[in-house]
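Multiple structures are listed underneath, in structure tokens.
Next, two complexes with chain A in common: one pairs it with chain B, the other with chain C.
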Partner chain A sequence: MNHQATYKAQPSHDLWFRAGQQLISDKLGILGATIVLLFLFITIGVWLGLWGQNWSETSDFFNQSPSLRHWFGTNAIGQDIASRGIYATKVAFEVGLLVAVCASLLGTLVGAVAGFKNNTWLDSSLLWLMGVIDSIPFYLFVAAIAYAMKGFIFSMHMAMILVFWTETARVIRGEVIKLNQLEFIESAVAMGQSQIKILLKHIIPNVSHLLIIQSTLIFVAAIKSEVILSFLGLGVKDGISWGLMIAESTNDIQAGYFLNFFVASGLLFILVIGFNLFSDALQDALDPKLQK
Partner chain B sequence: MICLFKAPYLMKLNQLLLFLFLGLLSACQQQDNNDGNMNHEAQVDKKIYRHSEDGKPTSLDPIKASTIYSNLMAVNIFDTLYAYKYLKRPYELKPNLATQMPTISDDGLTYTIEIKPNVYFTPHASFAGGLGREVKAKDFVYSIKRSFDPANGGTGAWLWQGKILGIDQWKADGANYDQVIEGLKALDDYTIQIKLTQPYPQLIYTLAMGFSAITPREVVESLGQEFGSKPIGSGPFILTSFNSETAYLIKNQDFRAEPLDIYFEGYDPAKHKSYGLESLQGKNAPFIDELEVHFINESSSRWHSFTKGNEIQYTTVPKDKQNAVILQHDPILVHPQISKNYHYTYGTEAGFVYHGFNMDDPTFGMRGDEEHDKNSHALRCAIRKAHNWSQKNRAFYFGLGQVFPGIIPPSVPEFDPNLSTESIELDIEGAKTLLAEHGWNNDTLPEFEYHVTGSVLQKQFYEQMRGFLNKIGYPSNLIKYKPYPSFGQFNKAIKNRQSPFFFLGWTLDYPDAENTLQLFYGPNQTPGSNNFNYSNPAFDQLFEQSSTMLPSPQRTALYRQMNQMVIDDCVVISGLARNKINLWHKNVITFPDREIVGGFHLRYVDIKQ
Partner chain C sequence: MNNWQFAFQMLLGGIPLILGVTFISFVLMVYFGPDLTFELLGKNPSAEDISQIRHLLGYDQSFWTRYFNYLQELVTLDFGMSMMKDQPVADMLKLAIPVSLLLMIPGFILGNILAIALAIKAVQFRGQWRDKTIMTFSVVGMSISFLVVIIVFQISLSSSYGLDWFPVRGWEIFTADGDFDGVRYLSYVTVPTLATVFVAVGYNTRFYRAVLVEELNKGYITTAKAYGHKPSQVMYKYILKNAMIPIITRVMFSIPLVVISGSLLIESYFGIPGIGLVTYDAIIAGDQPVLKAVVGLTSVLFVLVLIMAELLYRVFDPRMGKVST
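Here is the complex of A and B:
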């Protein structure tokens, strides 16, 4: 009954309004959002060709210290570390966005169908599929996908999408099962609305807040995974990413040069912290039970 | 709760048990200490040298000694007929198991070689009575035949293929070891006769390579494939154990007594005085009791093991430590702390690194269409002009490499120091002009695939090459990185002619430019050694002409003519001979050289005590 009251008494626009209010009052959340927006701004600049375009240029100035010309110095073949770090932000955002959007959509769709068809063979099959995917070690799975799709530039993205959607699907499935028992769904059924219409019009809009939270979590996980996979040689191959910069720095560090490592891991750290703060604040704001 | 100490008799019993227990512990401890002392004394008495290599041998069977690591092991476990003089540079051969240099017939086709009597294989159960038997001329004949037996998977047959009379037919007839080969005979127990199909001046060098090391038939047949990990030979050391990390060897106590004459070996006080080699004069090698060869690929681990003091005693300087070791480049000077703690030498490698084009590639190579071939030639030459050797040398070789034009490296006597350096000079404008003249622009330039073994270092090579190409207007989106998971797969792609452009190194097998020129000889195209699939009838004709000639100014002139052809055809972007620094602990008396000498120096290592 409480659930019913919550949903009935709190229309969708009211939930979003209250969430917005709470988010604005969350200082850490605002800090996180600022960081994310800053990185987004950097990424858009790279997309528009405003900065970071000379990331692949080599020069005669190897392992230089920071200077006005090279803010974070140069690497072992004279490339500007700042430009590489900035350009890699775009790569991180591309991976994060693509994986977050695709995995969330796939997870929502499958989770909603499974929840809507709760306790049917379809639900059991989808749960079994999720269990199978979750039981495969992530990096082994990515390596297998990368090998199977040799030469395909999105093999890493595909592997991440195939792994990350299950968590979203489970969350959405649980929520849909709850929603399914509410009166407005029963009314829609009684009014003879088609299952697809109920799903698209009544159920999915009511889980959109969860979808946003899940997307931010997947976004961060995808960026971190990309860095690890690229470091291991399974991710970005032709191009630059923070993972590749950290991989490069394994040689640099032994020779006493740390800038490549500091810049790549520093940028990753700031973005992940920013996204986590934002994601936590969003979660607090969008969870009806936590709303003040 | 019962307290054991309450009853007096129980208390005594407990005390007794306690004393007995402590006594037992003490005895155990004493026993340990005794063993420790004994081991320590044994270690002090023994001279143990711990060598290191940056890779590991795949097999210890000499017929598979195709890497420097396998070769190093082979020449220390087995005997070869000839060896290189320990200190003499340029490299010079000397008799090893042979009594003297071969007697060669006037037509250069028949070699007669006497071997030393009373040289014995080390003991093995396969020998009568388990004792090592004498090495005979027939063992050499058997050992060479093994390379041609398809069942063995040997990798050194190319050295004698088509050159020793009848050996290819012997292989075709089923590789029956009891069948006599006309060109490879044991005339008696101590005399070998080799007959050639045509003069082959490099033959004698091949008899100093691990591939020609002498193996006992009964042991090989008894062990089968296991012979590759449990080799038995007549060399200065006996292998006691071997795994992927370390090979443990002990001195062959029965190794023939041959007092070392350092002056005959090429001792030069100006070069060698500070290493203590004089103390070895007149002594019988090997001087150490035990030899450990540690295979440590990871440079950081190797460096830490070396600098720790009590682990490996020799290393080359890894790239990432050159900054910490080298104080001055030309001439090389090391930091005072390094020279205080270690001995060091440096020298140019007997080999070089290069970028090569696959001439069979439909885009970058030749296909018989005059217009296409002219344009692809211009494209290759433009790419060569864009290559900045100076930058590569400083970025990856600490500026120590020697850049030279063509394919005859500085380590061979046929090297031409006066050859034009145009082919190794950076010429961005020249490259752009060449491209424009032949209609190459953003719309017509082909995709440039850079095939390589996937690693951080190789990726940096690629990125630098991309930077060079960008400077002549080659768009980044047309430059593709094609990494392979292993060198084996990369090599397979080259052998399958799938790699239009590659970066490789070549280490010479012997000090003769023929060894690099054969890489461009038409009939050697892949899967042979000619990875470039270069086919130039004029080159091939000169190669065939020179291959039967003894070293002479005429032969050198032919070699240089061939070198110029390869340069003119822009087949290769070459080359750079790396300068390597060897470091070893000061208590070790040695003069290490991993190049053509290939491990013969280990028998002359001594430890100061």
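Here is the complex of A and C:
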């Protein structure tokens, strides 16, 4: 009865379906996705208060080796390294998610508007803005935002969002310019649809695959930047993060204690490589240029 | 249009970029930035002392006057005195810039050459185990944090837990008489260079491989192969030459980032007195004259790089010059 309806829905559904099929057959991609889900699971557990809550508790057991009580031993002031690593996972995920979502939304919006208004003053000023932001040294920009926001706890996230959107905006802008020359946009214009409606209903859905890829790339960039910024004293101020653990561990290392360093850098490496593998698989599955 | 006219036109075109960068960073760092009046005053300052310091810092002037003073400083390259170190900012930078260049250039060149060589090998053996091995290593390299790489190289090469071959930190490349000492230079530059190369090769190899593969898929390569050109000739004479545009873009645009961002972590970690360490100290201390100078000069560097990249494009692709006239 609704045979005709399914037939009509086929073409748009088909691309995503095929991408999904390819993604499932990509073993490394599945491995990456599993790692990411595992870290997400750890993070949700911390949010729900199931584990990693006693990360700041000190004890009299300094620099202990791994044991059943302390899976990865303790640090110089007797804190449980495993709990700290787990709680820091949550911090890293929060940074990554917040920055990836906000920066890719901002990038899509600006990129779509710039591409839509190609060759107007609006496009050139948005391109100018992207050029300006890309030319400011990243660390200085983060420090400047932190100054300007007077110790606001999300100033590091804010700075990353304000820097990382430009890449997405450029990609989306290029795609929108390409789409704008296609017949289906022309016919939408001819039918008298408003520009906003064309943008939201016809252009954004056609760049959504790029948006997914871009946000995974931003997620990785945000997590890696957080570590370096926190290490330099420009990032996470209160609480714990992998970068702060590594900063702490540089003293431990001189005394011959490596556990803090191994846990923080190991967790960071596993999450980042998981995300990179997943992101690669997504690109292979979603980029029509690579599908042959 | 000859190249000089073109470069001049580009330079004019770069002015809005420099204005934008300086304006945004001025607003963020100086206008909304920390008020340094009391950091420079002694105990129990009188109202007169306060107003004197505020005058010295320019706080009593209007926003636009201060911004134009900054632009003037950038044009004359005279950035005044550092607030924290009793020294003109220009002198600090003059001492620091050669250090950073000596530190970063070996790693920058090696990182790119090695990556291009690996990318060529990967493309030549595309889909085979050699390609897969190279690409796996490159993903692993991309996934390790720069910070972790630096620490691991330092532990394994410069500490008693590892080989202990190189000095742990510092930059004493001159002998007691003040002469440049090549052996000392190598001993201080090796560990930072290895760390930079390790990180750069991961990202670069992937990028260059993608560029080469895209070129490889084009029709003229099939034609060249069909005509019986040797594979090595096809690779070096056709593919590599035509892939030069994206390669140049990447190399050129990473220069400003390498000079500031790359060396900031390396220099502050190894205690090397280059531009990165000067910047880092200025960030931590809120030394605005230094920060203004660094941001302003970086934006000028970006514009210069933009111009140089455009000129190089014309060398490798003569069509570009014709299109823009």
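To be clear about the criterion, the second predicted complex is superposed on the first by the 279 of 292 C-alpha atoms of A that agree within 3 Å, B and C clash if a C-alpha of one lies under 4 Å from a C-alpha of the other, contacts with A are read in each partner's own complex, and residues count from 1 in each chain.
One rule holds in what follows: contacts are C-beta pairs under 8 Å (C-beta built on N, C-alpha and C of every residue); 3 or more make two chains touch, one makes a residue touch a chain.
Here the structure is a predicted model, which is why all the values come from computation and not from measurement.
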item: Chain C versus chain B on the shared chain A, clash or fit after superposition; value: fit
item: Touching partner for A:E57 - first (chain B), second (chain C), both, neither; value: first
item: Chain B versus chain C as contact partner of A:F17, first or second or both or neither; value: neither
item: First (chain B), second (chain C), both or neither touched by A:L140; value: second
item: Touching partner for A:V272 - first (chain B), second (chain C), both, neither; value: second
item: Partner chain(s) touched by A:G233 [first = chain B, second = chain C, both, neither]; value: both
item: First (chain B), second (chain C), both or neither touched by A:G256; value: both
item: Touched partner set for A:W47, first chain B, second chain C, both or neither; value: neither
item: Of chain C and chain B, partner touching more chain A residues; value: C
item: Which of chain B and chain C A:F154 touches, first, second, both or neither; value: neither
item: Superposed model, angle subtended at chain A by chain C and chain B (C-alpha, nearest 10 degrees); value: 60
item: Smallest separation of CA atoms, chain C relative to chain B, angstrom; value: 6
item: Where chain A meets both chain C and chain B, residue numbers; value: 233, 250, 256
item: Partner chain B, residues of chain A touching it in the complex; value: 56-58, 60, 62, 76-79, 233, 237-238, 244, 247-248, 250-252, 254-256
item: Touching residues on chain C, where the partner in the complex is chain A; value: 16-17, 20-21, 24-25, 27-29, 32-34, 139-140, 142-148, 151, 155, 159, 161, 256-257, 260-261, 264-265, 268, 279-280, 283-284, 286, 291, 294-295, 298-299, 302
item: List of chain A residues in touch with chain C within their complex; value: 128-129, 131-141, 143-145, 147-148, 224, 227-228, 231-234, 243, 246, 250, 253, 256, 261, 265, 268-269, 272-273, 276-277, 280
item: Interfacial residue positions of chain B with respect to chain A in the complex; value: 299-300, 318-321, 323-324, 391, 394-395, 454, 456-457, 459-460, 463-464, 466-468, 470, 476, 480-481, 483
